[in-house]
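Let me begin by presenting the structure, written as structure tokens, before commenting on it.
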Amino acid sequence: MADPLMLWISALLVVVMWAAALSALLLKSHLAAVVSTSLLSLGLSLLFVLLRAPDVALTEGVVGAGLSSLILALALIRLGLVGGSPREREVLSETVGDKPVTERGSQQ
Amino acid sequence: MSREHRSMAWTPLLFSGGLAFMLFSLFMAVPFGEPLMRVGGMIQQTDGELGAANLVTAVVLGYRALDTLGELAILFAASTSVGLILTGVKQRTVSVECEELGELFEQASTLLLPLLIMVGFYIITHGHLTPGGGFQGGVIIAVALFLPTLAGRGAALLNHRLIQQVEGGAGALFILLGVAALLQGESFLQPWLPVGEIGALFSAGTLPLLYLAVGIKVGAELAALLTHLSTNVPSPEVPR
Amino acid sequence: MSTEWLPLVVALPLLVAFLLQPLAHWLGVRAERPSPVLYGLSLMTIAATLWITLQLGSDVIAQPLSVTMGGFNTPVGINLYLDGLAYLLLLATQLALLLLWPAGAAVRTHVLLLVLAASSMGLALSGDLFNLYVFYELLAVATFGLIAASPGRAAPLVSFRYLLLSGMGSVLALSGIALIYSHSGSLNLADLSMLAASGEGSLPIAAFLLILVGFGVKAELFAVNSWVPEVYSVTSSRFAALLAGVVSKLAVVMIVRILLLLFPQPEATDPLLLLGILGLVSGELAAWRSNDFRRMLAYSSIGQLGMIFIAFSLSLELGLFAGLALSFHHMVVKPGLFLLLQQPLSRWRVVLLILFALSLVGVPPLPGFWAKLALLTGLVEVGGWLNGVAAVTFLVATVVEAGYLFRIVQRYYQEERPIAGSTSSTVAAVESPWGWEGGVALMLGGVLLAVTLTINPVTEQLQQIALQSGDRERLISTITVSEVE
Amino acid sequence: MTLAIILYTGAIGLLVIGLAGVVMSSHLFRMLLGLVIAEAGANLLLILAGYRWGGAAPIWQAGQFPTTMVDPVPQAMVLTAIVIGVGVQALAIALLIRHRHYSGTLQRTGGLNQLQADLDREAGVRHTRSSDAPTLNPLTEVEHVH
């Protein structure tokens, strides 16, 4: 019944999505985690195309891979989990106040 | 402490495994690829009574328009909450710091902005014909409006007041289109205006208008949200 | 007024919410500042929905009504269903909002409260599974924003933890909906109910479990209620009263409605009973152990909702009546108690406190007694060992409840000083100094006494509503009739 | 059949990996990512519920609607769910920014201890005073830790 090509592509996509999901949770770098989530959305979007859901695929591509990644990337900067410039991190950590900042991203 | 943590980690894993097994056996019990389509079939049989060539649009804006209204409200509530949470002294804008890269971004944003907005509106206005529609187009417009901010040119384009008015107006338009049907003696959110010919740009009655409202609202809301997330550093003084 | 106007109850608050911020700009009010005009406008909006409800709902107990959205027949379109239960919930929501609306709030808070209002009414009315999910999420998002806007350093983390828990719940509920949809191809509650009764698309109990856990987050169900003590201790008294009084009941009633309509199998009620018992035990014990008033009330609320879940898990007529009685009783008493936290307890406030406490424990002439009695007789009548366990737990819990509630009163008389939790200056600063909270609490006390005096007619009415909301034939026929029109 | 197994494994796997990620992560940002992953899984589940063998997309083509098409209703639901998801996600980020601003940490346990202490202070619980309180009170211990 199933087109063998579709079978292989979806198997590949599922593997990619699983790998992206696991690396989003397990990788040390927060930036890499966000990139993985974006990759997951991309894979999901392709899978939606295979499943004859072009509307959903477009939405997942635009919202999941695009907007959501943008939001998460902004969050990385604002939360001081990744660069900006070193000066920027300083500014952000200054606003934190007297408490020691324990989270300074993966580089340290 | 750490040993305790490690032993505790097994409980969630066990639960996850159980959940996965349960879900898997439940979903495998349903024949795959042969949906019942009780409601879907009824929609198919109406043969485009709403005049939308894209049946997903017909569902989103016609049959299940109340869901879409709720969804708009959710985005609205989220962006309002973000504004409420991050209100405070405006500080530096998060932007691309590296100078050359900034230059690149600036150039790109100048070029991309009109193009992206055009693409966004194209997707919105063809939502009843082709895949895509208000949400997807709205997101593209939002990202386009946000580009200058990212390129470090500040929030020049994003006049908060204007955005709020556009956003509020578009949301009101969606509801008022529904209420207008009510005033004509029909149901709330019932599509009206002539259906036209399926596949034409001006067809499907009020659906394209609804999608336009959705697109503008989503675009304005998300643009506001993105600027909030990127600019306002919360005020240093902590309440109490 | 035509019944077609019913959706305005949801749409009107949303419309005003959308337009409030532009209006504030136009009036020159800064978004962070309070504005009497916008406050008045918000109140008027809620009052308008109240008016619509009163216009339409005067005889829904005799004849429930269903309004289809967009003029599409029911399984295809979404419908709103107004029966006696939904009517009572609507009225309770509207009155609670009118009474507890914070006067000095910022524009954005008004906006979020309006969204909260719209979603609560949508939850009470919606007759479609996925639509319920959407309104549930809408309620959740508005709540997160309002919690996070509370003063104090803890609020953002509390709200974030609530968001994660609620988000996990939504994911589970969504997969439950996917399961139901793949088994039936429909989302309309009446349609699904018909399918479930005819055995055509017998829905798996597991789908109910997923939805139960998912929507149970808001209903303070056991194991997904870790947010309760945290949230109730950071928010203002008014908002805590709103959450504990109305919002949790809406979630409970939604779950019960799904249970009654879609899952007639007896096995479906067992998990509800079990989780109810666990909630009752854990809630009351934690309340006994905590020594600040606010968290004590929060835990007590978990226990009370456990009790309500036990009641709803009983067989139809008995359980529904007991559950509804307990729900509405809790809806009056718990906000009253939360509102009394406001200022140091003066002597008349203590009298009121004792009144609420007595009713919560279930001392004879007060309504709480009759509600609890209904539950107990129900448990005994239905029998079975698990119900026996529930009955014993319930009795013990009542004693524990009496213990901690009277510890509060006792401490007041012994130490002559405010109880921990009542002095929270973060909260007092936001709210009006002239004791509106006290007034509302007094009013709730008055309601309690009035119900005590008219217990017979109230019981009869409630029994009728319980009968009606358990009547799946009625629901199906109501919605089919509206299909023809 | 094989396709069904592959796809359902994918969807349920994502859902469960995500939920486990939320429960087990020690960092608040990763907890949020877990939620995003779980949502993706749930969305895929919904789409799978509406898939039809050999069905076309539910769009007017060549003058008619396809006779065999996939179910449009789950697609509409997933559209809604995706947008809801991104709204919640943005709100969560805002909460995290505010939280980090107040407490300086995004670690789960550190935040929790601080939270309990904050709640106690705001509730006006002073543990020296409550001599009549039952000693089982777990909150007392938190106070000592701080």
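So that you can tell them apart, the chains are marked A, B, C and D in the order they are listed, and the count of residues begins at 1 in each.
Note that in this section a residue touches a chain if its C-beta (ideal position, glycine included) is under 8 Å from a C-beta of that chain, and two chains touch if they have at least 3 such contacts.
Here the structure is a predicted model, which is why all the values come from computation and not from measurement.
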Farthest chain relative to subunit B (centres taken as mean CA coordinates): C
Whole-Å gap between the CA centroids of subunit C and subunit D: 23
Distance from the mean Cα position of subunit D to that of subunit A, given in whole angstrom: 14
Rounded Å distance between subunit A and subunit C, as computed from the means of their C-alpha atoms: 37
Centroid spacing, where centroids are CA-atom means, of subunit B and subunit D in whole angstrom: 19
Interface hub residues of subunit A, defined as touching at least two other chains: 1, 54-56, 59, 63, 67, 71, 74-75, 78, 95, 97
Sequence positions of subunit B contacting 2 or more other chains: 23, 27, 30, 33, 35, 37, 39-40, 43, 54, 56, 64, 67, 70-71, 74, 77-78, 81, 85, 131, 135, 225, 229, 233-234, 238, 240
Subunit C, residues touching no fewer than two other chains: 130, 134, 137, 141, 144-145, 148, 152-153, 156, 175, 179, 182, 185, 187, 426
Contacting chain pairs - touch in the sense defined above: A-B, A-D, B-C, B-D, C-D
Touch list for subunit B against partner subunit A, complex: 33, 54, 56-57, 91-92, 94, 97, 123, 131-133, 135-136, 139-140, 142-143, 146, 222, 225-226, 229-230, 233-234, 236, 238
For the subunit B and subunit C complex, residues of the former touching the latter: 22-23, 26-27, 29-30, 35-43, 62-67, 69-71, 73-74, 76-78, 80-81, 83-85, 87, 161, 164-165, 167-169, 171-172, 175-176, 178-179, 181-182, 185-191, 238-240
Contacting residues of subunit B [partner subunit D, same complex]: 9, 12-13, 16-17, 19-20, 23-24, 27-28, 30, 32-35, 37, 39-40, 43-44, 47-48, 53-56, 58-60, 64, 67-68, 70-71, 74-75, 77-79, 81-82, 85-86, 129-131, 135, 198-199, 218, 225, 228-229, 233-234, 238, 240
For the subunit D and subunit C complex, residues of the former touching the latter: 15, 18-19, 22-23, 28, 31-32, 35, 38-39, 41-43, 45-46, 48-50, 71, 73-74, 77, 80-81, 84, 87-88, 91-92, 94-96, 98-99, 102-103, 111, 114-115, 118-120, 122-126, 129-130, 132-134, 136-139
Interfacial residue positions of subunit A with respect to subunit D in the complex: 1-2, 6-7, 10-11, 13-14, 17-18, 21-22, 24-25, 30, 33-34, 37, 40-41, 44, 47-48, 51-56, 59-60, 63-64, 67-68, 71-72, 74-75, 78-81, 95-97, 99-103
